[in-house]
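All remarks here apply to the structure that follows.
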């Protein structure tokens, strides 16, 4: 068994806000991340697929194919978007890095057909990142 | 003469849009950067100060002091903001990386009192960056 | 369950030396790391917390809060210090990266109250790093 | 138990090609990686050793010694080589990153005598990497 | 005036060899870089264009356009190639990083029509890089 | 003319202190960098040599040779040392990054015999660096 990682970058805006809380509670909890018009990041996404090496190709999964899957199901939907307004799979979800990572997992888990999705890592800044393994 | 560089990071949203152009022209020129609600970046800022070493301290300028100047005049004004709505020094300016770099230069040039401002570098992504030297 | 990572950097001096060994043995084992006055590193620390997402905030743990915990219990005690002389939690311990990582784990394990401490990674150089998971 | 990682870099050429397939099949599967004269990479290798800290040294394994093991059994055999022609342990193997990682594991697994080999990570580009844990 | 940088990566094989020297001289000078079948690198290319900001767009040159120019005139010709066999603009030239940088400059200098080509930087490894400014 | 850069890393301890000032003045100016036993860094050194390409080799200067010069005149003298006690060329000098960069320039300027020394860059942390060009 091997683990194959593909790294992609996307640029998006977001605002942390829970509509079930008051404005004051939102500001207390989310502080500057609650800025009305939002702010943004170059998110770095690392997707790990686990499985056996195919003896014919020497690949677990062709990385050109994995890249295509990531672009179709994730990057084309989030890159150069505002995560609170423009992304169907984040609708009604507060776009914390934790929730984005889970959303991306759900976009991918049924679309990997060689090996299985093992981990989604999402770097929001160079100092903060999240990993979700579907547990 | 030495050159001293301080690196800072800020997270901001922006939308590229020139109100003097039609919507179609804006879309043709700025493409996905013209997305209505904006998108965002972790901008990396590198500010270079040039000058003589002070024999008393061995510094050109104390980097703790340079950091404070950058935070007061730049970072506090752009970090976790939307550059089209929240930043006075970018008002009425299309927030391309080129224009942000010039805006940051103007914020700093009169506020460095040891050595002189030599260069402002602004990385919008890991593949694209701008340098402005006041020329 | 998600894994949240916070990255911090601290600059410290250290000397590898076991007082129960002779000077010759120390030199044979630790070589240039045994230099009498010490040497130093920009240590990169990555702390991973594991747990459930809080549905109210969308966070496992607020990263501003995790940063504060790391600064109070670790960074303020080791940054700009000599690990052999200035750090109570390293007293009597040979400050190898392995032992520093264990020391940092012990500083943190009872001070994370949302989720649980999962891993401490410590990069001594860009080529050498240690991970400790409390096992 | 701690995990110790040593990072090394080597520069090598390779061509992806399975001699049991036709030229057309090779081109269809491996595309530009099938280029007749090959292409190349700065491969980044991260080797992880797991085990107990030795109380005499404070080390799991002396990283100078681990570096020597990596150079003797891996780096000296692959650095500045063409992986399809010059590397005995890759003979008859299609040099995908997956297969190289397994080959490196086999070179190392019996040559680590303090702790045990836990993981071999191989970065082929900044966006693609493989991990193999002997599973 | 601003300086705009675009970064691209390409993976290529090469062999350092001067056919006007004897085999022994080639081995003495180029050492392991003279390996018969070649070796390879992930070359990082940074191209700098200098010029005025266009008031209509806020750009010196649209980075999407600069990326297209780099792909047409450089990346498509060198990526996944062997520089000694497959690249017309390197024919008859010993592919040292110095000579590749000059070759890339010549490919680009007449194809930048907004601003002017200012600098070509080529990183062969993380420790070695070349800059050429057409001087 | 081309510019060739070689990057090296060294690990050293230092303490910022000017013996001509009082203890209070030293603490006021150098703050935590004045810590009695010192602290430390992984300094990153980038040395740039400028000159013509030698048509016989395709090199400005063989990077293996430049590496040897850097190790003989700089790295062997500062790596795993305390800059206030162990380094002859820093004797009597307050080891700020500015002063170390000038010291390294002086070690190298007469020892480069192909091309000429153009620049010494010294990164003290990932956020702070100095460049000296002998001006």
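Letters A, B, C, D, E and F name the chains as they come in the text, with residue numbers starting at 1 for each one.
In this section, a contact is a pair of C-beta atoms (placed from the backbone, for glycine too) under 8 Å apart; a residue touches a chain by one contact, two chains touch by 3 or more.
What you are looking at is a predicted structure, and each value in this text was computed from that prediction instead of being measured.
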- Starting at subunit D, figure out the least number of steps needed to reach subunit F through touching chains. 2
- Query: At the subunit C/subunit D interface, shared numbers over all numbers used: above half (same) or below half (different)?
  - Reply: different
- Note on the structure: CA centroids of subunit A and subunit B: separation to the nearest Å works out as 28
- Could you please state the distance in Å, as a whole number, between where the Cα atoms of subunit C are centred and where those of subunit E are centred? 41
- Message: If a residue has to touch 2 or more other chains to count, which residues of subunit C qualify?
- Response: 126
- Query: Every pair of chains that touch: which are they?
  - Reply: A-B, A-C, A-D, B-E, B-F, C-D, C-F, D-E, E-F
- Considering the complex alone, what residue numbers of subunit B touch subunit E? 16, 18, 21, 29-31, 93-96, 98-99, 101-102, 126-133, 135
- subunit F-facing residues of subunit C, complex: 9, 11-14, 32-33, 35, 37-42, 79-82, 84-86, 125-126
- Note on the structure: As the complex stands, subunit F meets subunit E at residues 1-8, 53, 56-60, 62-64
